[in-house]
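Below, chain A partners chain B and then partners chain C, in two separate complexes.
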Partner chain A sequence: MTRVFPLSANGAAGDVMHLCVDHNGTDIQDLTAVARFGLKGPRATEWFEARGIDLPPVNRQIHLADMTVLRLGKQDIMLLADPLAPEPMSKVAESWRKNPTGYSSWREEAWAWLRVTGPTAGATLSQITTFDFRESAFDINAIAQTRVAHQDMVLCRTETGFDLLFDIAATAQVVRDLDAARKLEDRH
Partner chain B sequence: MKILTCPMNGPRNITEFQYLGPFRAMPDPDDASDTDWAQYLFRAENSRGPVVEWWRHTPSNYVFLAERHLGTGDVIRTFDPSEGRPS
Partner chain C sequence: MTRLNAPFGTRINQDNTLRFTFEGRTFEGFEGDTIASALAANNQWMLSRSFKYHRPRGVMSMAGAEANTLVQVAGEPNVPADLTPLKDGMVITAQNVNGNLARDRDAIMDKFGRFMPVGFYYRTFMGPTKSAWLKIWEPLIRKKAGLGIIDTATPRQHFDQQTLHCDIAVIGGGPAGIIAAVEAARSGADVVLIDDQPELGGSLSYAPQTDVDHQALGDMAQNEAGLRILTSTICNGLFEDNWLSLIQGHQLIRARAAQVILATGSIEQPAVFRGNDLPGILLGSAAQRLMHHYGVRPGGKAVVLAANPQGYSVAHDLVAAGVDVVAIADPRKDGHGVPPTGVPILQGMIQEAGGCAHISKVKIRDEWITCDLLVVSVGQTPAWQLPCQAGASLGYDEASHQFSINLKNPTIHLAGSVAGHIGHETVCASAGAAACHATGAEPEELPADPERASANYHQPLIPHPKGRDFVDFDEDLQIKDLLNAVKEGYRELELVKRFSTVGMGPSQGRHSALATARIVAGATDRTVAQIGVTTARPPTGPETLGVLAGHEHVNERRSALHQQHVALGAEMKPVGPWWRPYLYGTGDRTSLIHDEVAAVRENVGILDVSTLGKLEVRGPDAGAFLDRIYTMAHGNQPVGRVRYCLMLSEMAAILDDGVAYRLAEDRFYVTATTGAVGRVYADMTFWNAQWQMDVDVVNITAAFCGFNITGPRARDVVSALSSDINFSADGFPYLHGREGNVGSIPVYAMRIGFTGELSFELHCPASQANALWDAVMAAGKDFGLRPYGLEASRILRLEKGHILIGQDTDALTSPDELGFGWAVSKKKPFFVGKRALEMRRRLGQKRTLVGLTFPADAADIPGESCLVLKNDIPVGHVTSVAYSPTTKQTVALAYVAADDSAPGSVASIRCRNGRVIDTPVTAHCFFDPDNERQGI
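This part shows the complex of A and B:
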């Protein structure tokens, strides 16, 4: 089977990624090529619970030993693999394919995944969204499904920054917007 | 900016939402007359007062119900369909 993924050797954002490495402020890492798995529909939660995978409340994430579990709705769950050890999550996805319940939400090819970290990551993101990024309103492991850079986006707050999941076709535009926001933040 | 409170995601800008039309009980398609079926599909009450409507929060693709006053535009409440649909 031929699989054309990611869209370019440097990740979905391609050549614009080099603009966004700034070790003093905001770093942007393209994790689009890292494995992930989304499941939706009736009994999706039961499928995970039957395999001993703990599920967080809606719009929260939990970190397990080798993957992160995102709860995006009552029956909408997504797993993100550990970028350094994706095999355990891939095994979960493989076991679902052998005995499917619900339906795949096709997150592995339809969505881009960017990780935004650094001391000014929150301030940079706040330039391109109306969402309240203050930690008092959006704490660690919280998920926000909102609009960022004119795109529908899933935002996850981690201890080091933010994971952004959105339509893969908008990757270059989002990276350029983040880069512009980073430069604006630097001037403040 | 107008704010609408999504039952699942909390208060958000109105630009994050899509209006899906008023809530209406669907007549039985096997028993309804052509007139009643056409009324259901193409006509909507335009009364001045509270009405229950379908809305969708687009980033999460979550569909819910909102009770809104058509005269003032004020949203009286928003709720998940599992909490009970109006008769």
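This part shows the complex of A and C:
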């Protein structure tokens, strides 16, 4: 079964797929198809802790061997697979399905995942959000749940740039806004 | 066009000539010029006509502080000529001119000034007849009022917005701003220095002081690590929590600073005397800007009004630039400065300036002196706008005759002349102190400021018997106008402003506030401090709508099937943020829509309903939770059943509707309307926090897609799918739900619909929606399955009499008004809105939603929102209306008076053409009222 994501060739945002490239220092990479898994609601935390998965404080992320753990709320946790090695995370998700505690947050279907990197990534994003990107205010592995490109967005700072997780139905609009922002950045 | 040689003309490049036109004449300027400086260099001093009297006006401040220099540049009106860089090929015209600038036909207005006293429009336009305002005055005013011409054919321009965060923002790049910024940056803070000029230095860039190297100051800032510099950037507003709106060309920078240092300097003030508005009368700083920045000699024969030390400095500058200074007028009785060699000092005030389109003479001590330039230097006022936006109060220092600013905000600090400091040493010390305050260091005590006492001249403001002594140049207000406003009884400044319009023009009181305060204070026997200034609000200066709008942005959500619809030839239309298929195909739209309706009624159609709100409610208390949220009973709803949901507000108004499919004892799949799901989710989350039930709610609107297969052959289509779901009539009754698979795609199937036909609604995870759609379309190929769009869906639902939340309901609609008593549980002890519903029932029902029909050939058919009348009084309105291709008539839903809602009653409706028609009331449902088609 082939799953179709917005930035697939025949996906809802297929017409803007060509914009997901590097442009003068800001690279937009689509990771929506990469596996991820989230639990929320009562007893979500306990499930992870019972499996020995370290949980960061709220609005922080930590990197484990093959996945990244995002703490979005006290009882709202999400795992992002390593794009090159998604298997370990998929096993965690499978193990939950066999013995579920807490509730699926459906992040793998509800959210698009873009990775924005490059030397001008912060400047590009600063045109479409009021969020403070300075490292002193938003350091590596920090998470912000804020508004970007007129959308509610989970923004994670990584070593190389930013991960953006947002409403999958708005993918075309966000990609277009990101592209417009980096082109405006060219003019400055 | 001759220019002064170095050291004058620091901003222009005389090697690069630019050509432009003004009022049809071709001129030349240089790179670095502003429009006004280039015109002044060509001896074109008149730039505009005044607002009311159409008097000739020109450069006065060279700081964008008055309406005199607003010009039209191609399609853009109200461009400040004294701030806007000249560009090659610019086409510039004057504003507020009838005919041409030199021969303005409306200049005659100046002769009729006595017929237009202050506030005349409050009286004049009331008559002479009852409708004179609409027929005479408004058209006339619309023709005459307003500055510039909006060109709707203006080429599209790019605007964008940027966000900037810093520890300390310093506004103003003069000596105080530079020192404050550098010292703050040296303490390790992340500092941004913002200045509206293209270079740093402030007044030092045009009024050099022998002992201060302004270039070195600028270099110090440029070389300071950790200091970002934004030049040509206007801070146009200071909002809560130090949110600053910075405008740099076509870009709005939204800045947020932990601390702000305002080093915005001061605004030089004009003198008030008869004829003080003539072109050729310049503020001292304007003359210096023209000479030092642009190499423009402002005149040949000058008189200088020097009522402070700065005036004498200007006189020396003029002499150095080759201007013949014929006299210095100093109204002070003592304390005169040192004039240039050979220039006489005349003790006295300018009484009057004379000239036609340009100054030609001034009167001092009753003697006329011939000149072509009058430079006035009488004092300044702190730039109070940003501090006052930050909550500062304004006082008045009687000793130095200037406003004083009292700002008690621990995150905003004043530095330099905005704080009332004049002497360079004190200005620098105050900047250091501001940096200390902003960084938490201990500031040093400020030195004495001996220059402060003589910086401002307190001019007695006595009206000239012949008037034309302007206080507000934007609004053509004279001293007598303000005195008359007080005589009318408007003693408070805010009232004086509203009656006289003082301070309402583009300059926003920069040149009129101090003089107005003095005039009102004198006329009401109060102090200037008691009068103060009117409320300062952002924006500080004009800003374009393009800057506020930013770059073009289209809010857009797409269902996972978007490209499928496009490939099928759908006409996509926005519905809120979603883009949905309106209809499929090209050609006659009405025929296409009616064909889609017929396909559903006679065969089978498919509608993408992915935009419907979808929520998963799960947990041991899920049923009990929905019992409280919705009006029907869900706690006892069997697993595998689908039940209608109706959500009320606490005042029993309908918020939303949908269905709840019980997937398991502790799990519901709930739908909501497309537009309301955000509100429903927020309300559920709120109530869950209040009630602390063991339940979790997640909004999975975008995570799932759904489509409805509907029509007499719907079962044939779904039965042809490779699925483990039993789609037979016995195996899958109406209002039941099933979990299963189509191929390997997990689906929720529900026997629900919106058309009144046999319907199956299939929902699946969004990433697999395309595969499911392909499977259904393939299964339906042999049965003629065709997609239909939103408009056909609206007609189908109206034929069946289904309501649309938000269209057939409003913010007050109760279930009873819709006849939805069946959807409200009588047994439940509580649901949101229950108590209010009971109270509303006791008050009695005033309106009811009913059905209306109109023959297909009816001459008058009401539109949506047309009023329903009873005894000529509106009692309701038409909510939905459409031609029904199935029943061959026009059908509508409308609110009528409750006692006229029985079928057979008559409703009177006023159509858009004004005719009132009577039509019989029917039930909601116009098609298959016994539900024989959907339940099969």
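The rule is simple: the second predicted complex is superposed on the first by the 172 of 188 C-alpha atoms of A that agree within 3 Å, B and C clash if a C-alpha of one lies under 4 Å from a C-alpha of the other, contacts with A are read in each partner's own complex, and residues count from 1 in each chain.
By our rule, a contact is a pair of C-beta atoms (placed from the backbone, for glycine too) under 8 Å apart; a residue touches a chain by one contact, two chains touch by 3 or more.
Small disclaimer: the values here were computed from a predicted structure and weren't measured.
Ranked by how many residues of chain A each touches, chain B and chain C are led by C. In the superposed model, A:110 lies in contact with chain C only, and not with chain B. In the superposition on chain A, contact of A:99 is made with neither chain B nor chain C. Of the two partner chains, chain B is the only one touched by A:154; chain C is not.
Contact with chain B, but none with chain C, is seen for A:146 once the two complexes are overlaid on the shared chain. Judged by the touch definition given at the top, the superposed model places A:130 against both chain B and chain C.
When the two complexes are overlaid on their common chain A, residue A:184 makes contact with chain C while staying clear of chain B. In the superposed model, A:41 makes contact with chain C only, not with chain B.
In the superposition on chain A, A:172 contacts chain C only, with no contact to chain B. Common to the chain B and chain C interfaces on chain A are residues 130.
Interface residues of chain A, counted against chain C in their complex, comprise 1-6, 10-15, 40-42, 103-106, 108-110, 126-127, 129-134, 136-137, 149-150, 167-173, 176-177, 180-181, 184, 187-188. Chain A contributes residues 58-59, 72-73, 130, 144-147, 152-154 to its touches with chain B in the complex.
Listing the residues of chain C that touch chain A in their complex gives 158, 160-165, 190, 251, 254, 256, 551-563, 577-578, 616, 618-619, 694, 696, 698-704, 743-745, 765-771. If you check the complex, the residues on chain B that touch chain A are 1, 8-9, 12-13, 15-16, 57-62.
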